[in-house]
Structures are given as C-alpha cells and as structure tokens.
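Paired with chain B in one complex and with chain C in the other, chain A is shared by the two complexes that follow.
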Partner chain A sequence: MNGRLPFGPMVLTGNEAAALAFGLANPDAFGGYPITPSTEVTEEIAELALKHIIDTTYRNLDSELASIAFGIGVSTARGRYGTATSSQGLALMCELLHWASTARLPIVIANVNRSLGSPWSIHPDQSDSLLFRDMFLLQFYCKNVQEVLDMVLWAYRIAEGPGVSLPALVCFDGFMLSHTAENIIIPSKEKVLEFLPKRTPSENFNLPQYRADEPRNISCPTDWMKHQARKRSLVDAMQTAEGNIRHLVRREWTQIFGGAMQYEVNDGFFSEAGNSQSDTAVISMGAIAGTIEEATRGEDIGLISLRVFRPFPAKALHAKLVHCKKIVVFDRSILPSGEGIIANELRSRTALFPQQIYGFVGGFGGQNLSEKDFLHEIRTAMNSDHPEANTYWIGDKS
Partner chain B sequence: MKMALQKIVAPVLGEIGYFTQAFPFFGGERRGAVVSGYLRFSTDKITTHSFITEPDISISFDERIPFDAVTAGLPAGKFLLLNTALPARYAQAAMDRKVYTLNAKDISVSHGIAKPEDPFPLINSAMAGAFFKLFEYITGRTVPDELTRRIFEGALPVKTDENFLAFSDAKRLVQPLAASETPGEYPVSLFRVTQPNGLCTKCRLCYIFCSKRAISLTDSEVHIINEAKCNLCGVCIKLCPRNAISFETSEREDTR
Partner chain C sequence: MKPKDVTVGQFLDSRHALCPGCGSAAAMAHVLSIVSKPLPSGRTKKIRAVVFPASCWSIGSGASGESFLGVNLVNVPFIAASAVAEGISIMSEREGRGEEELTIAWAGDGSSFDIGMGLLSGAASRNADILYVINDNQIYGNTGAQESGATPEGARTTTSVEGKEGIQKDIVSIMMAHSIPYFASAVLSPTTLTDFYEKVATAADMRGFRCLHLLSVCPPGWKCPTDSAPELGELAVSTRIFPLVEIKNGTLRLTHPKRVKPVEEFLKYQGRFSYLMSDEARLNSVKEKIERKWKYLSKLEEL
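Let's look at the complex of A and B:
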C-alpha cells in the first residue's frame, strides 16, 4: 500500500464521502459505469485502487447491467461488491437487481438520487430508488454528507448480516449531497473493521464448491415447496433486517464510534429534531430534512427524517407518532395515485397511523425547496382540518 | 468556481474551525454554461440544503454573466466581489453596496495558469484569494499562509506554487471600488455570440446542439441567435465546422 485513507475531520462532498466509505469497507471488487451525478464516486474509487490505497479490484464496465452482473458473480463467490449509479443507470440494473435480491447477495449500491426521464433532468428526486420499493432490497437514505459515509457502512453490515443476506441501496440526493462539500468526520480503518468485519457468507447461499449439499441460489428447484420456502425466506430476511438495525446500529455503532461521530443515531431507522412531544410531526427523507430543521427552529413541531425506508420502520414510527394528531409528509416522489410514496406507505397502514396525514410533494426538475417554502406549507397544514386524500404540490401557483 | 469553493475556500474554513457548506448548481448543459455556487460558513452546525437567496457576499467570476443575476437578492450594504478588467463600469453599483474588484485573469496569466487568449481562463486560486481578503475584513480573523499553502498542496498537485502565488497576489490586489453616480454606463452585456457570417452552410449543427434553444431557423433557413436566451456556453462556436460564429467582446455603448 502506497498511501493511507484520510482520517479525522475534513470537508468533503457526498460523492467523495461515499467513495471513502467504500474504501473503508474495502470491497473485493468495485464495478464502475459513469452517470451524472454519481460519476465522482466511481472516479475516486478507481484512483484509490490505482494507487493501491485499497485492495479492491476496480473494473470499468460496459454498462450498469454489466456492473450488477459483475456484482452477482463476485458476491456469489463469497466476495464483497460495491458500485455507484443514478436514476436511468439503476433502472437499467432492474432485471439483475431482482436476481441479486432473490439470490440473497449482499451487494451495496450507492444510488445518487436523480430524476428518471422523461423529461431529461440531472436534478434530484427520489423516484429512481423508490421505484424498487417492492423488491427485497434494503434502502437507506442520507440527510447530510456524514450520513452518506455512515450509511454505506451500515448498509454492508446489515446487508451481510446473518439471516438477512440481501442487497442494499444507499441513496443520497444528487447535487444537494453528491456535489455539496460539508464538514465530516472520517472514522479510522481499525474502528470500521471492528464494526464491519470481513464478510461471512451465509452458508445456504454458496456455490457448490464451498458447500456441496444445497447450492440454493443458482440451482433450479424442481420442488415447488422448496421454491415457495425461498420466497417466504425473503420476507423473513426483511424482518430480520428490521430487528438487526435496531440492535446492531444502536449498540455496536454507538459503542465503537462513541461520541466521535457527533450525532444521535436514535434507534437507527430515523433521526429526530424539534419537539418530539408536539401534536404535529413532519416526516421527510434525504437532504430536505435538514432544510426543514432550519425552517422550523423554535416551532412546536416534531421532525423525523427516515434513514431506513426498506425495511419500512412502521412499528418504530408508530411508537414515535402515536400521540400525534397531524402528520405532515414531504415526498420527493409521485405515484399514479397522486400521492407521494412515504405518504402512501403511511396511509396503507391505517391501523398504525390513524392520524390526519397531509401529503406534500415537490423538488422536481431542480426546484429549490427553501426554508420559507417549508414553513409556509407546514403552517398551512397546521391551520387546516381537511387533509383528505389531497396532495399539495410545493410552489404550485395555480 | 466549484474548485475554488470546494477545494480551497471550504476546506480552509473547515480547518480554522467553521462549519461550512459549498455546492454548485448547474443543469444538463456542459462546459461554458453559467454555473451558480453557494457557500455557507458558521460557528453553528449547518443543516439546511437550500439555495442562498439573500447572500452577505455575491461574487461574479465572469463578466459575461448578466449583472442582474450577480446582484439578484443581494441586500443593500452587503458585499459584491467582481472579477473585471474595467472596474469603473460598476461604480454605480457601489452606491449602495460594498464593491470590491480584481482582475483575476491578469493574475492567472502572470503566473502561467492561464493564457491571454483563453475564453474561459482558470481563475480559481485568484478568486479564492480575493474571497479571503473580504473574509478577513468581515470577520477580523486572519488565515495563516501555512494552512492555505497546505490546502493548496492537497488540492492542486500541479502548479501548486503558481496557484498559491496567484492566491496571494489576489489577496493583495483586490481593491474597494469608489462609488460614483456619474459613470452611468455599466454594460448590459460585455459579450455575445455573433450572428453566423457568410461562411455558414446552414448545416444546423449549432441549432441541434443549442441547449438553450437560442438558435432558430427562418423560412430561408438562416440561423438566428437570440441574445436573450443565449447563455454564452459556446457549444455552437466549438461545433461550427466553418468557424462562422464567434465570441465577440463588445465595445458597444450598451447602457442602462
């Protein structure tokens, strides 16, 4: 090794932080195919590998489809794999991403959130990764550059966990995080290794040469019951992940990194700010959470920003929101039903979330979401009594 | 600009104990198009990720950017830093704002970082130097040269000395601009893309690739460039196989 990964406080962009996180996770292989705004992650990893600062084998690939195919190979052969992409690139992975999840391969993909065309846009919304919400794919979201680094490490740890063994997406907003330089603290390689040891592949999903009796993830089961058992195990894996996040992150992350990372992990699934006892809670996900925090400073509002979207932390959210009368949701996605996706997730669980749910959507095509916008919309919701199934479009002048 | 903010200014501010945030914003168009950049620094943690709409300092890296865009949202009494060879043109703007100017291209050229004929010269180090002069003036804090020098070594492994000299020169050369009501003629636009000349074959390359739809065709297939839409990205000039279009540094008496 010729150089070392940096360590301690620095000012870095989200893309640089993601690359360093991959460097710290030291995957066996990293596949690259460029797409704005995630290209720099790939470039940085390529440079770290070229300078032998990390052991990772870096490969330029033909496409995102080739990248996920490479990942399936590496991961099936017991290796750790990482890649980075955005929007159309992630969409191109769809077919093999489904294979990776049902074959139980803990690949970690950094997805820099970017609008899916049409129309063409390089600016962030979350429709690209949320398109995959019905896959057995863990999904993490970041609210600042520090979380970009942390979530990549969490993603590997949870994805590779015993009983989970599923791929994971680490999503962070294009430009708002990918191209934004902020203060972050980089943990030492030794500490990271303590939190994220070398992958121990789940024995049930190995290639024949490693365990002869049942190479389940590439064989074609002739027995429908075995096939069904595999499908059911996917649901179990998601539930196990939900349990693991609470324990691993809360205990081990805090123990290993202590106060050094300078923020509260709470119970892992989301971060909180404002007044948690308030009648009104605002839920958001990604970089806008910080803007909402700034906008509502001093207001009587509780703020929740989701770090984990899959598995959806319904129980933890219910416990946190049970006393609330109003839930205001800011989504950066839109469904054919006319709702944002987080609002839809909450409304589909009426037993857990019987509250009035106010759905706001926005931030498409490079729209700037300002503190004033958020405060205005939140106040509108607080002074209103008719959320109905209405979705409010932020900045809509009509 | 991205380089100046993210690789020089923000890391230096981080090293001297500030929470900081620096980000650019641009669209799908490429090199040559107008890019905005935002910088925050504070002794408190910065959580927000919005654009800055009421800045304390507005900086123009290039005179081709419409002056209205540079001063948009900048409250009276705040700072305006302009890269210009002709500071007198902006004297009127100094009536209600604290205007500072420097000729960043000259500084870059004098240290071999840019060539005189460059349409888009590299001026990041000089602009960062000018920023820190204002920073020192506003905060009363000085930034140690050794620290800046160390950041330069990390960020600019090529021409480190030249860039550090440009940074230091700019810090020394940036000047407050005396206010005057009389100049009365600061330019609407110093630059423009010329209409296609007689060499044009109507091949439509410029029309197809113009990201701002600033080029239109008439019935007789003549290409017309709409100055109001043009963002001076220069793609048409690069693409034109006949060199029928060019940048024009206007000496017109465009006044407001």
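Let's look at the complex of A and C:
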C-alpha cells in the first residue's frame, strides 16, 4: 500500500477485501485480536492505521471480550467501530454481543466462519455465527470475495440506519473465501462516502452530544412497561432493517455504484442461478453455492444462495419458491433436532414453505465437498419418500 | 486541593438507592465534587461519563434513563467497564477534547480483582486514558456479601461462613506491575481527608491510566453499624490493614499513620471477623501478614 487505499480491479483474498472494506468504511476505532482464519483482516487494518492510510484508531486488545467491550464504549460515545474474529472468538463475545444488540449499538464484526470446538478444527463451519441466530444481530453471508467487500459496507449502512441501530455480522467461509484470491472491483472512497456517510447516532441509545445539559443514565433499570417496549422495538428494528435493505439495493447502491456491482435481483436478499422456473430449488449460504452451481450445471434445478440471514427474508424467499414442489437445503450447521439451520428456518414457517424440504448437512471438519458428491446426493435424496424425517449427511457411508 | 474548597452533595440525589452508611456513596459524592473543581494544574475537566459494571450502582444510580449523580452514566456488564471506558475516552480524544474530558470507570472489587481483571490489565497495559476507581468493599456486595478476591483472610462472607481460607489478592502489586502513570489507595475518613482529596485531584488532573483504590465500608456486608464508616476508614489506615500508597512515575510513597493501632481495633467492630477474633493462631497469622506487607511496602518506598 502506498499512501492511499487501492481503487478499481484487483485480485484479493476475502480477508484482504474485508480489511479494505473496513478501510473504506473508515471506522473511528478498530479492535484487533488474532484468531485463525480471520487474523489477516486485523493485520491489514493495523498496518493501514499505522501508516495513516486510514485515520481509524487501531488498538491491539487482550481478548475478543475486550474487543467487543471497547466497541461498546466507542459506539456508545457516538463513534463507528469494527472488528474481525472467528468461531471461538465470536462465542467468547456472547454476553457483550447481546448487550451491544439490546443497547442498540451498530458495531460491525467480520466473522470468518470456522468450526466451533470441540474438537479443535479451523475448517469452515457456519455453526459459529448461526449460534447467534436468536439474537438481534443482522447477519450477512458472502458467496465470493466481492461480496465480502460489499457486505461490510451494507452492514454499516443498514446497522446504523434510522430505526435499526443494531450490530451486524458479515460472515464468510474460512479459507474458502478468507484465503482464496479472486478478481474484485474496489469502489472509490468518494463513492463509498456517498453511500456510507459519517454515522448519525440514534439519540435514544447513545451518550448525548458534547455540551448537552441533561445527563443520561444509559442502560439503567426501568419499569416493566418501558422494558417491554424496548424489547418490542428490537423486533421492529429487524423489520425496519428488512425494508431498508430493499430500499438500499433498489435505489442507492445501484445509483451510486452503477452496473459493476449489482444486487437488484431479489432485492439483494439472495442470489440466483440455474433454472428459476424449475420445480426443484436448492438453497445454500456462503461459498459452497459456487460448488453447487457447478454440480447442477445443465440440470433442471433452480439455485438460491442466501446473502441476508438476519433479518430472514421469508417473504422474498416465499415469492421465489411458491411454484416449487421440492426444496433442497444445504446447511453447514447442525441443530440438536438433527436439522441444519436453514432447513429449520424454512420448516418453522410452514405457511410460507409447505413444500417437501430435503435437508443436507456436511462439510464439517475439513470435509471436501465435490461437485460429484453433491449431484449424487441430491439425486439420491430426491428419490426418498420421507424428506421431513431425514437429514442427509453428505459423504456418510454408513 | 483542600477539603474546605469543595462543597459535597450536589452530585448525589437523595433518591439514590444505596444503603444507609454506604462508604461508596459518600466516596462518589466526594470524588465527583473534587474532579469538577479546578484541578492542581489549573485545568477544569468535564466528566464525559462514569461507567458502571454490574454493582450496587447499577440499581442505585438512577431509573428510567435518569441519572441521580448529575453526570452521564453508562451501565455495562460486569466484565467490561475498563475497555468500555477506554472506548469512550478514545472518542473524546478523536473529537479533540482529550484534555478537557474525563472518563471514569467506577468498578467494585469483584469486577476489578476477579471477573474483570483480564480486561483491567489490558486497559492498564495500553495506558488507556481513563480514571479507573476500584471501589473496594471486599465482597460481592450487590449480591449480598459473597467472598471475592479482595476479601481479607479470615473474614466471614455468605460463601465462606467460617472465614475466608485463601489469600487476599495484592492489587497494589498487580497494578504496580503494569507501570501505569498513577496508582493511589485512599480512604475517606476525617484523618485521611486531605490525603484523599489530593490523590483524587492528582489522578483526575493527569492523562493515561490512573487507578484509585478506595476502601469502601459496607455496613450490611461487614456487619458493622451504619454510622461507622468514618471511624472504620480511619482504623483501616492506622492499623495498617489498608496502607495508603501512592505510586507516581514509578515511585512509591506511603502515608504513615501518626499512631499505629493494634489490628484488633479494626476487626472488633465488625461481625465478619468474629471467627477470626476467637481463633488466636489464625489471628496471629493474619497479623503477621499485615506486618510483612507493611515492611514490603516500606522497602519499596526506599527505592
């Protein structure tokens, strides 16, 4: 890097793209704590800050707990904050992440998806971020390196939006995206600033402006009615976020960045490939979508790759899938019920998704998922009579 | 700064929910009053926020968004006060008000000696620009007097009903090992008032990580009368149970009591020490450790 952020076409890894995106978002502070496979994001930001290429205040912190606590301070004091982590680190943040969400602090965390122990594994697995699916956190998932960069910008914009003010996770698969270089286009700093101006903090949740007369007591106890209203407002905030994403994609993103980086299809909530008129749709999330795309090339199957998981785009998905008879879901996560998490999300909304849902799980602990495996497993499962009762473990020879 | 220069009271609304005789409530009123006055350098600072981890202050400092202390308060989880305060101070600095604004973390001994020690160590090692106050009542007071790392050996708590078996963590040495710009232990009592005021004013006036270790009498936890805080504070110092230390730029200074009193003078007023007082061997062991600690600090003072 020679004094300024790069701009235009480049070949970058997911971690480098995330770091650049943070650089473009220009947070007031960034907290660093290393963990494989997200470490390079932190290293890059540390260097950008040290060389004054960005004016972010960078701090080497002593744990992910310190990182999220530091972020709570920066964000409460009206600043923009970012950090990057993975698996164990995200899990360690749990208490304070819940606090940050219910205190309505729009912190953005890049989470490189990695297995959450035990046993130790550094391979991709979405169980880490999906562990937080019941928190009021926005969650974005990336299919390729370009999306890593773009979703960090979306995350700040949506998280800081009026009526939202919630933290956001930008998730991308360890190694498959974090360490894989791809061609991407880096937007100019000016355009990013147009899309993502300086944060305007919500006056309800932050320290008052300097010189404000009335002192505040932030997050102190209150009566049950106010407490309950605040809980409800979290649900409203999630719904507002859903509307804001639609608006953002339809208008501003496309207007500002033009044709090069388009997400208009399905209002940006998910991407599509294959035959969208097919009776059968395959849903996945993250980098695996590319493999599934290759596996089913030429087959009569529609493919959907979720980009926004929280808020869950149930309505948009319903509209897309309403004509389908069979839905095949691939999850890189597993629940105590024996289901993958996306399968569970669909099955819990039977009014919207009454179809037969075939759940696949796999790719854990470094399992290499090939195109051949996918096609074989999908075809085998499609001939099964009882999809609801089964979760198909890919590569399970038993 | 002299005690007579400060009018205390404007910072503690009578609706506060702390217990009668609470040492922390009194100390809070004094500290906020002191730091709001012109400081020794002539500079006046504005308190950007006081950060409270889970503590008696979480429920005692206000309600429904109202502050009973006249300054901005930020409540955070038990473990987080030091790093949250650091984040707030970073924003003051970035907005060009680092010199005029003061961020205070007011954390108990449970938060500082135990659950938050990792983060406290981190903020201290980064020389975060905050005033970190350890409000030490030697127990988990808000949950009803359980044993903490600051509980003295032999003191009874609800989780050590025959007196604490383990050691009391040496927070002075721990903080000293972090080479922070300023550390001081202080007690709010009639005989130590000037010492208290000078230390608070000095700490508030400086930049970087300043730590004040305040011994706060807790009548329900210590099983002592509600009007005993001033006297017990004085006795904690004169028995050398709570040495008054000041470490500035690496140099340690002890405030020597005018007349040293026997340890029992401090212990006998408090129900929590009844077991210890009736066990001579154990009492002697505790007294020996107090003596040794004083000698250790005196040696450091000579360096």
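Keep in mind that, in the parts below, the second predicted complex is superposed on the first by the 375 of 398 C-alpha atoms of A that agree within 3 Å, B and C clash if a C-alpha of one lies under 4 Å from a C-alpha of the other, contacts with A are read in each partner's own complex, and residues count from 1 in each chain.
One rule holds in what follows: a residue touches a chain if its C-beta (ideal position, glycine included) is under 8 Å from a C-beta of that chain, and two chains touch if they have at least 3 such contacts.
This is a predicted model, so every value here is computed, not measured.
Residue contacts after overlaying the shared chain place A:Gly79 against chain C, while chain B stays out of touching range. Shared-chain residue A:Phe330: touches no atom of chain B or chain C. With both structures placed on the common chain, the touch criterion links A:Val11 to chain B but leaves chain C unconnected. In the overlay built on the shared chain, the residue A:Lys226 is in contact with chain C alone; chain B does not reach it. If you count the residues of chain A touched by chain B and by chain C, you find the higher number for C. Of the two partner chains, neither chain B nor chain C is touched by A:Tyr392. Legend: residue contacts after superposition of the two complexes on their common chain; A:Asp62 is shown touching chain C, with no touch to chain B. Chain B contributes residues 2, 5-6, 10-11, 13-14, 19-25, 27-28, 46-51, 53 to its touches with chain A in the complex. Listing the residues of chain A that touch chain B in their complex gives 9-11, 13, 120-123, 144, 173, 175-177, 179-183, 287-288, 290-291, 293-295, 366, 368-371.
By the touch criterion given at the top, residues 48-49, 51, 58-59, 61-77, 79-80, 82-95, 97, 101, 118-119, 121-123, 125-126 of chain C touch chain A in their complex. Residues 28-29, 57, 59-63, 65-67, 69-79, 81, 95-96, 99, 207-208, 210, 215-223, 226 of chain A are the ones touching chain C in the complex.
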